[in-house]
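Okay, got some structures for you below.
The same chain A turns up in both complexes below, where it pairs with chain B and then with chain C.
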Partner chain A sequence: MFASIQGNIIFIMIAIYLIGAVMPFLFKVNSKMSFITGCIPGSIAGVIGLVLGLAGLFSTDPFGVSFGHVLPGVELMIQIDRLSGFFLSTICLVTFLVSLYSWEYMKIYRQENIAWWSFYYNIFVLSMVFVVTVNNAIAFLIFWELMTLTSYLLVTFEYRSQNVRKAGFVYIVMTHLGTVFIIGAFLIMSNGFGGWGYEVLARNSISLTATEKSWVFLLALIGFGTKAGIVPLNVWLPLAHPAAPSNVSAVMSGVMIKTAIYGMIRLIIDILGPGPTWWGGLVLTLGIISAVIGVIYALMEQDLKRLLAFSSVENIGIILMGIGTSLVFYSLSMPVPAAIALAAGLFHLFNHAIFKSLLFLATGAIYYATHTRNMEELGGLIKKMPQTALLFLIGAISISAMPLFNGFASEYQIYQSLVTISSLRVSGFWSIAGILAAVALALTGTLVAACFVKAFGISFLALPRTQKSAAAREVPLSMRFSMAPLAALCLGLGIFPQVAMNSLLGVVGQLVPGSRVSGVTTYNFNLALLLLATILVLLALSRLLGTPRVRKTATWGCGIETDAAMEYSAASFSQPFRRLYRGLLQPQRKVETKSSLLPYFGYQIYFEEHVKSVLKEFLYRPLRSLTISMSKKWRCIQSGNINFYLGYVFITLIVLLVWVR
Partner chain B sequence: MVDLFALIFLVASLFMLAGRSITNTITLLTVQALALCLIAFYLGLSTQETNWHMVIVGGLTLVVKVIILPWVFYKLVYKVNLHREVSLSVGLVSSILIGLLLIGLAYGYIVPVLLKDIPVGGHLISAALAGILLGCFFMISRRSALSQLIGVVAMENGLFLCGVAVTGGMPLIIELGIFFDILVGALVMALMTYQINDTFETIDTKFLNKLKG
Partner chain C sequence: MTGKLLIILGQFSFLLLVAPLINGIIKKSKALLQCRRGPSLLQPYFDIIKFLRRESVVSVHTSWLTQLTPIICLASYLVAGSMIPLWQHENLGIGDMIALTYLFAMARFFLALAALEPASAFGGMGSSREMMISSLVEPVMVVGLFSLAATAGTTDINGIMGAGQNPAGLLTFIGLLIVVLAETGRIPVDNPDTHLELTMVHEGMLLEYAGRQVGLLHLAAMIKQVVLLILLIHLFWPQNPNAPVYVALVLIFAKVSFLGLVLAMIESALAKMRLFKLPELMAGGMAFCLLAVLSTYLI
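Moving on to the complex of A and B:
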């Protein structure tokens, strides 16, 4: 059908991924070769995919290639339109760098089975590529499940630890539950015949009633929301991300949860078409809740990767705020602000993909150097690994939405959209709600800044707290080099956001016709120039006026020898926030003082403070116990006796015979 | 004449429920298959011109169900040393009563009420449906793995009679397929039974409960 150059390139890309999946098995004995054959094809295919994605993003007509029918009515066909192109380039950009990074990083798992890791990893990336490019609901579901399964196997890579297995179990249960809802949404949209292609579903959905449309919307929101990790469906994120190796968490958090956003946009906006205002309101509310709750829990964490996982929940919330705002605008038939809001959401999605994978990779570098992810055991790393520290700092600044970096650029656009809702005076409700949402976003931004001041400050500054961090050394060059482009993009997109915004407006223009926006102008470059000028002026002033004499000496410690135990700890940093949000967190504090001889001399203080997860306590625990008790009651029908099973069949047969008239 | 054979078929099915000895059951199964084979031959040869379809099917029944399968089953009985009586999960008297009830259901309700639109003379179809139900119940009431196997074949006999009664036999290619299926299925199940005996020292299915997690 599309026997074009692009079609051949797609074939080549898939073939290279498969080579990367299979080749390491041939070099199982030679571990060096198996690292190379696993990671290099992954990154080459990533570059090809990036080119393809960019081609799709900027081409007016979708292109693709067909693999023929795999099932009745299911044509496996890759079709890259602008939306697919955007997601494809995001996925491939991140996985390209992560594959390069893994080459060195996976060496700490040398004693594990690297060939299997490469297999799962490459198939995982390939299935994500398929998820965002196929144009058929059944094919989508197949690759969606393949993605879930391979990522489950990657999460449980260190299967010897009980916690990892538990995390994997929670992950797979939650995502399978989500898939049930997605299947439900597709089933409502299909009319039973005519195939499962997206355009068929789009045609069918025109004739759906308003109630049916709302059902599809709700099912899709729950289903994809589980994968994306919106509150209250986020339980798997803080478990699965720390359990997986850091490079895998970078891919999972950076791009895999974004495929859920892709599904949402594709299904709700592209296929179903925007609906009533409460849809947008619901998405916006869920976004706000996820953002605020996500960041509060992130602030409580001591484990760097758990912190990043909760921060992913928060960022998904911000992305949903953009999408929700755009749905509100669409329902009020204001396509231009809707397009800008959706583009802002997508822009933040891209930015989050970049800085979150950067942060996960930097955390991986810390783990590589120190073999711990617990902040309380780190400290002083900036002197041991200055370049990693700089990269982590750039990621942290970006995620905290500081000006000049990309997080600021996209969150600023979302602010603008939220304020526009209220300033357009569509109704009294939205005037207030828009402002309140903007306030919630501001609160989120503040807490994120606090969270990453803590993450950076506790891990990198001051003195090493343990021997582990004191013995740290800078990570290999290839790891630093694969993180550097991400950091450069953070800065570049922060200074020139209009490049990204304008190409994303093209994506949005394809989704809903009539929303052509000629272009967005941003002034971040001027801001950057202004800041640069200020810095130069300040530097010149200090040169001219002369600096005071610097004297280097030890800090005065009131006569006590200072050591690492006196430092600000991660728990103490977040203490004010624990107190502030005690209604939500319900901290349980336990302090014990043990003195050896006399009080006040040579005593040890034992401090413990746990926060409760309200969701776990009030939603998941009752649900879980209900499920278990129901299952126990029904268990008696599962006797294991073959005669009973036959009896069930027989009785069903008789009952059907008697009943069916 | 056909009705007589159908009666033999039905009586054989009912008597299978009445005994505990496995060898008698196999003999009864053979009698059942023989009745089927005679019905097919009769239908094929009684018409003006010979209906070769029916004759072929009858011949296949003779070879597969009257000769090969009973031989396989007898061999299995000797191999796993199963001359003892099989244990039951439903008592003999009650199983015969239930069997009679099922025959009543087939004759009194299913055929005259549910299937009244299907034009079938005689009681071939009633006997066939009763045969299916009795075969299924046979599987429920016996605990031995070999009895499950015999029950499956008995049910298949009922289905076969059903096909003969309603449409005068299915297309030959499907018929052949079914014969091949039942042959291979029975052989595989016989093998499995042998394996079960090897593993558990018995083929009493109540010990299969151990497999449950």
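Moving on to the complex of A and C:
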């Protein structure tokens, strides 16, 4: 009986999402009611989904509901086990707040019909919910594609701009290519018989040979890696995220790319089972490369949303480092460290969902107030929008892994797993690899800190650089209100990391057999308290001792009045890094001076600097020209005559029939 | 609980009391090495007391962040210092080298933000350079500490006490000494005595601070220096854990002073490096630490 109650709740949740998708069309275009009916159902369904997810996360038995056979041999069934529960609650938590935020935020897109946005958005969220809860490969692929299509429509919501259309095109091409690989992985696993349910696939995969397993692993890694945005498959990410409205980027970066990690874990760890050690090594290496390359490019960006998009690449890298370490332990038959490493990766995934959506929403608030995302046009916002500034700062501190906040808590766990891999002395190779991975993580950490000092410092501090930021005003209450819980979670999980780690160990216990871990050393709770207490005591002491006289005056500008032109800019902040990593970035600068009669005063300087995307230059461009030249060679068979095409179809059919026999 | 609190307060007070003196010793010995008479050993105390009581001038462009930063810096260095046991006592259970590294990073993060606030180019320059240098230094620090932690199998600072007392430890020590030079802003990385705009890094970030705030920041920097030196001693030159409290404190003071003397000698013997030569220096430090790792695992 209990299960059917949950089944009814699932039906209600789906119905509410559909209401949110359709209702706004019933009202006048962009009327107040159309905003409300588009956004509020998403919030309500989000809360229901969150409850369902948490129920799944903490229940021992999976529960679910069947929709019957929608396709021959395909039973559409929602089944929420612990892993699904974890991802479902992450998705629903973020989308609940984003839907609330969108109500006010979408008002700046009034030139379009908001009803269409609501339609795409609610279907998009619903398809994500299905992706992480269905228990059938075909249903998974259908909703995976639906998720891609609706997110494509959301990315190209401002389709009038050429750049947005281009970004959407790159996005859809890349993710479709990725899907081809995922389909390949499922095809090998199904082994030509049985059904498409995960249980059947898991049973089939036992009979797969080692080579076939490795093929499934590689195909799944490429396919899901494209969606997750690992280097070198990340080209779409820095294009698509800035093109989409900020609330959509928050969902895409916060949770959509995490569905790819879900796919990876489900397919590789849950269904496929342990493999050779090189799997873990490969995932770890890709994680390191994504983390370091991602953050270096993030540091070069002047556009806040592109910066955040590159930083998502970096964080996916850190998550993969956790998963890769886990796979290594798994293949060495050490289930307990494997479980801890995987839980560490999942913990970072959750944390990233929280602070990245917070940062995207705060960037959306900046855009709402100033209509720009370019840091060089911002500045001084901490005075104009103090609460948004505080929220952005909390996001920035968390993502830079400062103690007290959640980013540190999960990175600490990943460091611990790397220490374990170095100290277990399984082999000299893995000991050194563990230390090198820790170095990469440390390097990433400092670069992220630099990146977010730049992002916050240039956008929010000092003097406004343009009229746009000087005229900024604080955003409406509902927007700030929807960001606040995310910020609170950042602090809460930073102080009580053991809560998250222990529930995640439950999730992992379901996946990795023999890995029941009762507790795990998280970074010490007392340390967080001590730090907090010390700060408070010092503050109180400095108040109690009485402040000496304070004089307020303008900053000394060497004799002339300080103005915004003297401030350090975003480009100048990252200049030392550009020089440090010039081998990778290959910066090209152009400086022109136009002097007038007075050589020292009033002459103009034109300065321009670009960094190259090495991937585009050395991977994608050759690949594209190769494709085009190959296609040119094949063009001779394209006569345009329909009879020829019918003939081709016939020949293909015969060849296939002969081959199958 | 009260016992632990007392121990923490004891560690805090030791750091607060001794840090300026160590700075005085380093300054004095540098002066003597350079054939100057130099300031009194107690001069840093007088400076800090003077700063704490002085009127402060605050830029109108700044916000609460500028006011909060000195407190956060001081707190994070003090907490970092309380992680390393100075004498034999019950394990506080808070000592962790990853947390220690990240506490330093937190202070730096806020300092770099506060440097951007007054809208002056010098602060921005200091901030950007500090973050760049830290991106070079921190990996070396982590590889040094990790090589010791991996041998001991834990990241707990109590667990890796004296972990560097082996031949490979000597290599790690050289690597970590370079880290200490960089983290404390000493020659060849940064010059603590300069106020020449184009060369300063750490001082550049403090440029717009005045009065009590600058006093707190100077004190914080001195504490950071002592914490790093104590960390080196803890890893490579630990003392008898059963010594009574006063012996332990005197011993640790003597050892820190000796290391301070070494720092002064290094500083007097070297010239400041150009900023973009630093990657080579830090690569040297990294090479030493990696050699230590290789020799531990392969030989």
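The criterion applied here is as follows: the second predicted complex is superposed on the first by the 621 of 661 C-alpha atoms of A that agree within 3 Å, B and C clash if a C-alpha of one lies under 4 Å from a C-alpha of the other, contacts with A are read in each partner's own complex, and residues count from 1 in each chain.
What we mean here is this: contacts are C-beta pairs under 8 Å (C-beta built on N, C-alpha and C of every residue); 3 or more make two chains touch, one makes a residue touch a chain.
Values in this document were obtained by computation on a predicted structure and should not be read as measured data.
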item	value
Touching partner for A:Gly640 - first (chain B), second (chain C), both, neither	first
Partner chain(s) touched by A:Lys383 [first = chain B, second = chain C, both, neither]	second
Residue contacts on chain A - larger count, chain B or chain C	C
First, second, both or neither for A:Phe650, with chain B first and chain C second	first
First, second, both or neither for A:Val658, with chain B first and chain C second	first
Partner chain(s) touched by A:Tyr415 [first = chain B, second = chain C, both, neither]	second
Residues of chain A defined as touching chain C within the complex	380, 382-383, 386, 393, 397, 400-404, 408, 412, 415-416, 418-419, 422-423, 425, 428, 431-432, 434-435, 438-443, 445-447, 449-450, 452-454, 456-458, 461-463, 523-524, 526-527, 530-531, 534-535, 538-539, 542, 547-557, 562, 564, 566-568, 572-577, 579-580
Residue ranges of chain C in contact with chain A within the complex	8, 53-61, 63, 65, 68, 71-72, 74-76, 78-79, 82-83, 92-94, 96, 98-99, 101-103, 105-106, 108-109, 112-113, 116-121, 123-125, 127-129, 131-132, 134-136, 138-139, 141-143, 146-147, 149-155, 208, 211-212, 216, 275-276, 279, 293-294, 297-298
Residue ranges of chain B touching chain A (in the complex, touch as defined)	89, 105, 109-110, 114, 133, 136-137, 139-143, 148, 205-206, 208-212
Residues of chain A touching chain B in the complex	638-643, 646-647, 649-650, 653-654, 657-658, 660-661
